[in-house]
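Just below sit the structures, each encoded as structure tokens.
Shared chain: chain A. Partners: chain B in the first complex, chain C in the second.
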Partner chain A sequence: MRSEQEIRDSLRSWVLTKAADRDSAAITDQTALFEERYLRSVHLPELLLLLERLRGAPIDVEDLNPGDFRDIDSMVLRFGNAGATP
Partner chain B sequence: MTAAPAPAVDPVRSAELAQLGLSWQPSGQAALRGPLLRLAEECDRAFVTLAGIWQADEERHPASLPAERLQRVDYLRSFPHQATFAARLAPEEPNLDAFLDGPVLDEGGTIAVTELAPVSQVLTPAACYHVFSDHLGESFDGPRYLTTRNTCFRHERYYVPLRRLSSFTMREVVCLGTSAEIVDFLQRARAALDAFFELVDLPLEWLTATDPFFRPRANPRYIMQRVEPVKHEATYGGDLAIASINRHHDHFGVNFELTRGGEPTHSGCVAFGIERWLFAITDRHGTDPAGWPRLEDAATKVRSSLGGGRT
Partner chain C sequence: MSTSNVPKAQLAEALASLGPTVSRLSHLSQRSYQNPYTELQVWPAEVRPEQEWFSSPEYLSLYGTEYWERLDEPTRCRLAFHEAANFYSLNIHGEKSLMQGLAERLYRKDLLDVSEYLHHFLDEENKHSIYFGGFCTRYSRVYRSRQFSFEESHDSRPRDIEDFLFFAKTMVFEEIVDNYNWVQSRDSRLHPVARFINHNHHFEESRHLIFGRRLVTALWEACAPSWGEDTVAELRGYLRQYFTASWREYYNPDVYADAGLEDPWEIAERAWSAPAQREHRREVSRKVVGFLISTGILDKEPADAF
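Right after this comes the complex of A and B.
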């Protein structure tokens, strides 16, 4: 099971690869990634797979709620506890 | 998509609506005349009055648009189950002769087509697609507010009079601007609609919604709409959306090359389904036109209270 910090670091690294053309220093764990267009819908399938791998459990799309992917903090809070039911 | 039986319709209500001017085809088309037609036109005038809050410019668009344009936003892969195409026979005389030599129409009402010409036009699925398509490649130096009305076509599993139609009338108000301008536009639109609903005594509930994607779980845009809601519907009676406010971010700006200061334009829209308003008003206020609310007066009051001009 990955630690919360490992999940956070993996998410940060992944986000930075997708927002390579943007100022990486401006991206914090509270940055609204989709609202500020660092990420787009096209990135979501890959992000879902990444989160499933990091938490070691599948994610049902129908269980997703508004705000779940807002920022890195939200993702860690929602999906960081491996085995928790989303 | 397979057809499904339509929910039962109250025969008394159907008869009342017919008296008011509804001529209904089970294939999902409604013809209007008399009081219902006048009410539909008053609804539209009221919505245009509300569009006056932003001094929106009116545009009129054709009944179809090129599939190539719609596909810029992957419409055909996202909504193949709802798309309706404009099809024609291949124009070569031998093909037309073959058509005429056949039954032309079979007993089930299906046209006995011979070879079809290449299908490249899609009947309007939503009024605002035309706005983005028609302004393809434009640059803007300020917010732009537009309004348009069109007959829209969608294939559904079943049809219900005034609630779910295969062709219906949609009025939209569209804003092209910066992200902040779109947020302001949608906030003011929601406030305007709330005031309008109160004045015309229609109890509406705002619900978060998603677009009706085909196989939604596999569509990134559906997942996006679940986690970052962009569509809110004013819902009557728990399940009938009669208006919606929609935030597109820069989705149309990117794909239709609409720019503002060198960056993709953001956009948002307010949409009204006019036939559904007829259902809601006659359900709420009865079938006597004397009891119907004065929609234009209410819209004028709302426009006045919100300043009646651009901000």
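Right after this comes the complex of A and C.
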């Protein structure tokens, strides 16, 4: 089971690979990733797969809200614990 | 939705130039019009996933990886069965989005020149899904898709850009799928139902691929000069990522779990990164990437997908 910090680090590292042309220091755990266009909708399937792998449990796309992916904090809160309802 | 500053006459002229292609493809579609409930006359009452091949082994997501050597023959066969269902499922999900997009564009004023063929396109995609769904619901299941979107993802774009991206994504998706169909339709090791589904899809898709290439080229040539460098760079980045999103669906942890493999997410990640699989994706994508680069739509290959 991964720690919360490991999940945060993995998410940040993945976001940076997708936004390689942006200033990495500017991305915090509160950065609005879609609103500030670090990520686009076309990144969502890969992001979802990463979140499933980090938590070790599936995520049902029919139960998702845009706010779940707003920033790293939101994703950790929503998906960080595999025991949470996906 | 707004439109960007593409000259309308230029776009109309580009679409009108497709007239002969539209007529020829429509004629071919009428001539080979199918009834999906009778074309495949007998669905077997049951199948044997551990004894009959439903996918070509060389096209499985674990082929050439560290895992492949460890699997015994029945497990390889079972994996091939679930990957066939996954392949059909990703086609179903892809065709659902495609049908939505085609229906939205049917008889739109500026697309009247291609509406005749959009009817066939829509009809044929629905029929393909009947075959794919027929297999999945009889013998396996429809695997879930991880492709989703939401309005708040700040992707709102002018209509001409949306049109271009819609048809370009459709073309990428279909060209990759068609390579699998072509190879698997000729593989005599496969169960007759699997060969039929792959053959039938390849036969029908060959028309869609011609239409897709012509339309994407026409839209690009008419619109790209007006889009500006930043927009073009953004579209290229989007299309490159679309290759990754599309290919990721072929490495489905749900499939590995159904095949009885431990730690399915780790398997998906390691298989994705395996050199043999990266080369496979590059080779299967070669034709469509070559087309996109030769037309100037992409300026470099989608390296992240390989």
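Simple rule for what comes next: the second predicted complex is superposed on the first by the 86 of 86 C-alpha atoms of A that agree within 3 Å, B and C clash if a C-alpha of one lies under 4 Å from a C-alpha of the other, contacts with A are read in each partner's own complex, and residues count from 1 in each chain.
Everything that follows uses one rule, which is that a residue touches a chain if its C-beta (ideal position, glycine included) is under 8 Å from a C-beta of that chain, and two chains touch if they have at least 3 such contacts.
All of these numbers come straight from a predicted model, not from anything done at the bench.
Looking at the shared chain after the overlay, A:56 reaches chain C, while chain B stays out of its contact range. After overlaying the two complexes on the shared chain, residue contacts for A:77 are found with neither chain B nor chain C.
Residue contacts after overlaying the shared chain place A:26 against neither chain B nor chain C.
By the touch criterion defined above, A:16 reaches neither chain B nor chain C.
Taken together, the two complexes place residues 34-35, 37, 40-45, 48, 61, 64-66 of chain A in contact with chain B and also with chain C. Remark: chain B residues 208, 216-217, 220-224, 226-229, 249-250 touch chain A in the complex.
Listed in rising order, the residues of chain C touching chain A in the complex are 144-155, 238, 241-242, 244-245, 248-249, 253-254, 265-266, 268-269, 304. For chain A in complex with chain C, the residues that touch the partner chain are 17-18, 34-35, 37, 40-46, 48-49, 52-53, 56, 58, 60-61, 64-66.
Within the complex formed with chain B, the residues of chain A that make contact are 34-35, 37, 40-45, 48, 61-62, 64-70.
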